[in-house]
């Protein structure tokens, strides 16, 4: 049975499968790197390692290729970025000014939307009631809808408390948009946590260790 | 490994270059190269030299940067290609197979399509009217279009009868798919007849179509 | 508050009542709830939010709300709820603490409020920090011309030579069977006849013989009769094979079918 050959394909690069695996053991890392590079270059959305591996001939060492590529493009006009455990080429941030024509018109986000997003990002999973408690004001449906539309947040698991309220969490698109590898990389997260600012009660109370407060006003 | 030459020729052919003023003496070519690559990476369409220059700081030597980039990526997973005077990065053609998302949806040909194909294969060259007569029902345009799209049939010579109807014949792609060297390898009608599965042909057709023949134009 | 600054710069004079009213309305509409207003007042103390004087803050807030009420500016209910709570907090802070009970002390309540303000402030800052990051489509850009077709569901049609043959014979037999149905029983070799004939002719021999050799005389010329005879003989042969009396062999598709009596111990 004759299978149509890939256009221009060199013999050792035949796609797939069933009869090919052995042959790939000999595929040099340099060649694997080229393949990973091609796959990532062709995509606009970040790809997980598994997704990349799926497209490559069996047995490719994707992590090694990614590391090599990241080093190779560290100083180029576009870089290999990791976001949410997925990989994508992105233009270098300091060259952003060249891409003004490509820039999407920024929908100006309201303060409410930005704060709500921050609360969800830093507290996730978080219920609507908790968001409202933090902001001291009701969260409008429009605000949540906007964030959901932007695909920056999504509905997470229900909280196992009375009423089983839904929670909100951020998405991988959120990480991608804000150039974050993971929510652990949110700016200032550690400081906020160690200052107890992500807890509803002051640190002294939260630790059940009442401390005399020095309110020097009378 | 053989590397296909980029479409559209070498960068030296690009307009201008030597006479570009050196307003930008302070910006090293390496830096201009990074900028051009970022711009081309983010662009949604191929860009002409003038369009690239528009986005770059004044005085950039775009042709020189393009030439440098074309050399830099000549052996990578993607290439800088020129086509119709515009420039774009494209994945290396020989790695195209990596991009095919193997969401292959295997379908069986409809009964109408396989019967039509069979009639064409055995009776070629055959007109649409003859196919319809044999099947006893009209042949839809969709059925013929599908077979034409698949490149399993093509339009052959016109029949020299009133109306000069077009005929259909099978293609080499058809032979490839069915692993046949020639249509003569199709199990012969004689075999079918001797197995009692086919009725002997009426006398007047019998001479015209003893065995399927490959159309020699192919 | 910038509204306030603008006002003082633009109209550097003693505010008359309408101006003050306008100023208050404008600033109130700029706040997102009482906590936001409190935070703004607290910031004016220019100290760490957890070191602020909650008492002073409560007094400022109450004064603000009182002024607004005097000017008959519509104030949303939640601002008034907060005012009532702050008045209560103020009294708790000023009066001697009762013996320690389950109730949080005035100091604890004040700490909680300061903590809430610090949290709101922290989230506001975090939101700002987030918005100034390198953002996709604003500062960093994806490949502008992705090549992987998002849903490249390649429709691949499969057909084999076998499919082709089946289709072709189907077309041909469909045509050929038509008269058979019309012509009636006279032209049909019945299954019983065919079977009887097969059993009779196979006798005790064990050699392979062509099935079409068993067609009755005169049934192998006219196409309809021939087909009927072939079909009936074949069906009869299958039936006999099922009963273990004969074996059937065909070397390849459409090759002649052979039949023989099954050897006793085969």
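Some observations on this one:
The chains carry the letters A, B and C, assigned in the order they are written, with residues numbered from 1 in each.
Convention: a residue touches a chain if its C-beta (ideal position, glycine included) is under 8 Å from a C-beta of that chain, and two chains touch if they have at least 3 such contacts.
Values in this document were obtained by computation on a predicted structure and should not be read as measured data.
Taken together, chain B and chain C share the touching chains A. Chain centres were defined as the mean of their Cα atoms; on that basis the chain farthest from chain B turns out to be A. Central chain assignment: C. Criterion: smallest distance from chain C-alpha mean to the mean of all protein C-alpha atoms. Centroids built from CA atoms put chain C at 34 Å from chain B. Chain A and chain C, compared by their mean Cα positions, are separated by 19 Å.
Each chain gets a centre from the mean of its Cα atoms; for chain A and chain B, those two points are 38 Å apart. Multi-chain contact residues of chain A (touching two or more other chains): 39, 41-42, 89, 91-92, 99, 102. For chain C, residues that reach two or more other chains under the stated contact definition are 141-144, 147-148. Listing the residues of chain C that touch chain A in their complex gives 32-36, 38, 50, 53-56, 78, 93, 107-108, 110-112, 114-116, 118-120, 122-131, 133-144, 146-148.
For chain C in complex with chain B, the touching residues are 141-145, 147-149, 151-161, 163-165, 167-176, 212, 223, 226-227, 230-231, 253-257.
The touching residues of chain B, when paired with chain A in their complex, are 1-2, 4, 33-39, 41-44, 55-56, 75-78, 89, 91-102, 176, 179. Residues 39, 41-45, 81, 88-93, 96, 99, 102-104, 106, 109, 111-112, 114-115, 117-119, 121-122, 134-137, 176-180, 186-188, 192, 195-198, 200-202, 204-205, 210, 213, 215-218 of chain A are the ones that touch chain C when the two sit in their complex.
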